[in-house]
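These are the structures in question, set out in turn.
Consider the two complexes below, in which subunit A is the common component and subunit B and subunit C are the respective partners.
Presenting the complex of A and B:
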């Protein structure tokens, strides 16, 4: 499966639609490689309305220029991180397991 | 001493490199129809290109990444591809206009039909890109392009009514033959001519070619902040010449010969010879830059090895892209389409495509992961945020105005 196939897919929870896959989170803590360790998928970022990414403004350390930062902050309001183990299945829609946790998507 | 020399040379090439066929044609057209009353649009465009080039130059110097590497990284594949296609189309269109401009200028010098010059011009562009060292290529074209200063000299020799030109610029005298819609259409055209996207692709990729580091930031800033405004002054001189000679006589500019006519009247045969040299150098230099920019954009986006600092065999797809773009430009021109018309459309479409590259550069120039401590300051962010709005408005308004005014007719 390609990551670009998963991005922008609708996400459905046990109680109905949650939004769309806006981004993914990886951690570079897999098997050590020559330069870096392998990346491991931590989870998917789900945004209620926005299918596009956040241009890097999901990082709390970046807040300028102010108008752009505020625009993207508004666009990512309500977005959250679902861990990979909480994902039940991925086909046309991404299904999330019952009892999943909404983690903060801020970095 | 060497450093001062580098700064001076950089400024000179920035002045010569600023003016291309888009500036030559648009400023003359506007001068002949509106006098100096759209001078403000040139000023707005010059400030914009200074902001844009300064940011992308800084990002290139610190992060070692050129514009399209960043666009791919920040926008992702889908939005990035749309961006690439639009930017590449505009760049090829501009390349077509520049090659046509070289042919028209050579026609002025020789009397030989432009159709015969087109393949020669394109072949020469390819040969220089293939063989000549980057720094030599850039400096020779830029310094020869400085001959266009003769527009300024001619303006003085023509002895215009300076008060009248000033009134046109500041008091917005009326133009009985024009409508407000054509006024705004040409404002966007001038803005697009000054703020052509390829200039920024070329500037930032050139920074990587010349291996800029943090130490070169001062040089790059001086090139931009001194060279581009002086280039803008040259644009205003072109418009001023047209406003003095062509406007009162009701002559419309639809050929390159009319652009240089005021120079011939003001500075005589010698002036004419110098201005033709200048036009050949400026359009040829811009054809090199646009050809390279097309290669840079596609190669950087796809992660191919690119750059003139590599041998062509080591950057084969980069060079192949340039060759294909040149062939496309020649084929388009050989249909007999008027290069001046291509130019007039290319500057307006430049304004349409501008937000696509301006936005990612603005974002990344604020990202410490790319530029460390050299992120934009508050003042720069305030001004560049205002410009984001200006650029968006110009981009949205350009096509409707083009349709409503029948492309400024």
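Presenting the complex of A and C:
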């Protein structure tokens, strides 16, 4: 599967829609490879609105220029990280298991 | 965002859309060979229940295959994609660095063709400028 197949897919939880896939978080900590270790999927960053983020303002500590940082952080407010073990299936929609945990989407 | 708990993962943590897509790719001589248009992930079967203990793994970066699909939609067949295996990636920063020369990847075939069929036929085109 390609990343473009997952991005911007709607995410549905046990109680209804949660938002849209804004990003896929990976950790380069898997089986050591020839140069870099494998990159394993940690989870999906879910944004409540289907808006494109910009330069990760909402996920990093970058706060300048302040008007831009506040604008883009506000556009993506409410986004969160869902870990891989809490994801039930990925098809036309991404389904999240009951009892999932919302983690901060901050890097 | 501030009131949610923060998940700490070991190793270098990357958001694929933020840190990988559209980044320039450099070979081991710092020569740009393209940019990342997509990322192939192994371990996700659409529609099937996912195994929580087997997280997907990034297998390949797709280079320079995005212009026509962005204009007209769709996707080229996998055989027409320029895939660079993740095992060839040596570092990720503002650019993605590979541990092999660009000639090792099909993505530079057009440059090789121009070099062999056009530049080489120009007088003086077969050696380094003095």
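By our rule, the second predicted complex is superposed on the first by the 100 of 107 C-alpha atoms of A that agree within 3 Å, B and C clash if a C-alpha of one lies under 4 Å from a C-alpha of the other, contacts with A are read in each partner's own complex, and residues count from 1 in each chain.
Everything below uses one rule, namely that contacts are C-beta pairs under 8 Å (C-beta built on N, C-alpha and C of every residue); 3 or more make two chains touch, one makes a residue touch a chain.
Keep in mind it's a predicted model, so treat the numbers as computed, not measured.
Undergrad: Following the superposition defined at the top, how do subunit B and subunit C come out on subunit A, clash or fit?
TA: With subunit A as the common anchor, subunit B and subunit C collide in the superposed model.
Undergrad: Kindly classify A:25 by the partners it touches after superposition: subunit B alone (first), subunit C alone (second), both, or neither?
TA: Once the two structures are laid over each other on A, A:25 reaches subunit C alone.
Undergrad: In the superposed model, which partner reaches more residues of subunit A, subunit B or subunit C?
TA: C
Undergrad: Considering only touches as defined above, state whether A:67 meets subunit B (first), subunit C (second), both or neither.
TA: first
Undergrad: Could you look at A:49 and tell me whether it touches subunit B, subunit C, both or neither (first, second, both, neither)?
TA: After superposing on A, A:49 lies clear of both subunit B and subunit C.
Undergrad: For A:106, is the partner it touches subunit B (first), subunit C (second), both, or none of the two (neither)?
TA: second
Undergrad: With both complexes overlaid on chain A, does A:4 touch subunit B (first), subunit C (second), both or neither?
TA: A:4 contacts both subunit B and subunit C.
Undergrad: Which region of subunit B runs into subunit C, 206-214, 296-304, 332-340 or 386-394, after the two models are superposed?
TA: 296-304
Undergrad: Across the two complexes, find the residues of subunit A that touch subunit B and also touch subunit C.
TA: Touching subunit B in the first complex and subunit C in the second, residues 4, 7, 53, 55-56 of subunit A appear in both lists.
Undergrad: Along subunit A, where are the residues that touch subunit B in the complex?
TA: Interface residues on the subunit A side: 4, 7, 52-53, 55-56, 61-62, 64-68.
Undergrad: Note which residues of subunit A are touching subunit C in the complex, please.
TA: 1-7, 22-30, 33-43, 45, 53, 55-56, 58-59, 77, 79-81, 83-91, 101-107
Undergrad: In the complex, go through subunit B and note every residue touching subunit A.
TA: Spelled out, the residues of subunit B in touch with subunit A are 74-79, 360, 362-363, 366-368, 375-376, 378, 381-382, 384-385, 388.
Undergrad: Contact residues on subunit C for subunit A in the complex?
TA: Residues 1-2, 4-7, 9-18, 21, 38-50, 52-53, 55-58, 62, 75, 86-92, 99 of subunit C touch subunit A in their complex.
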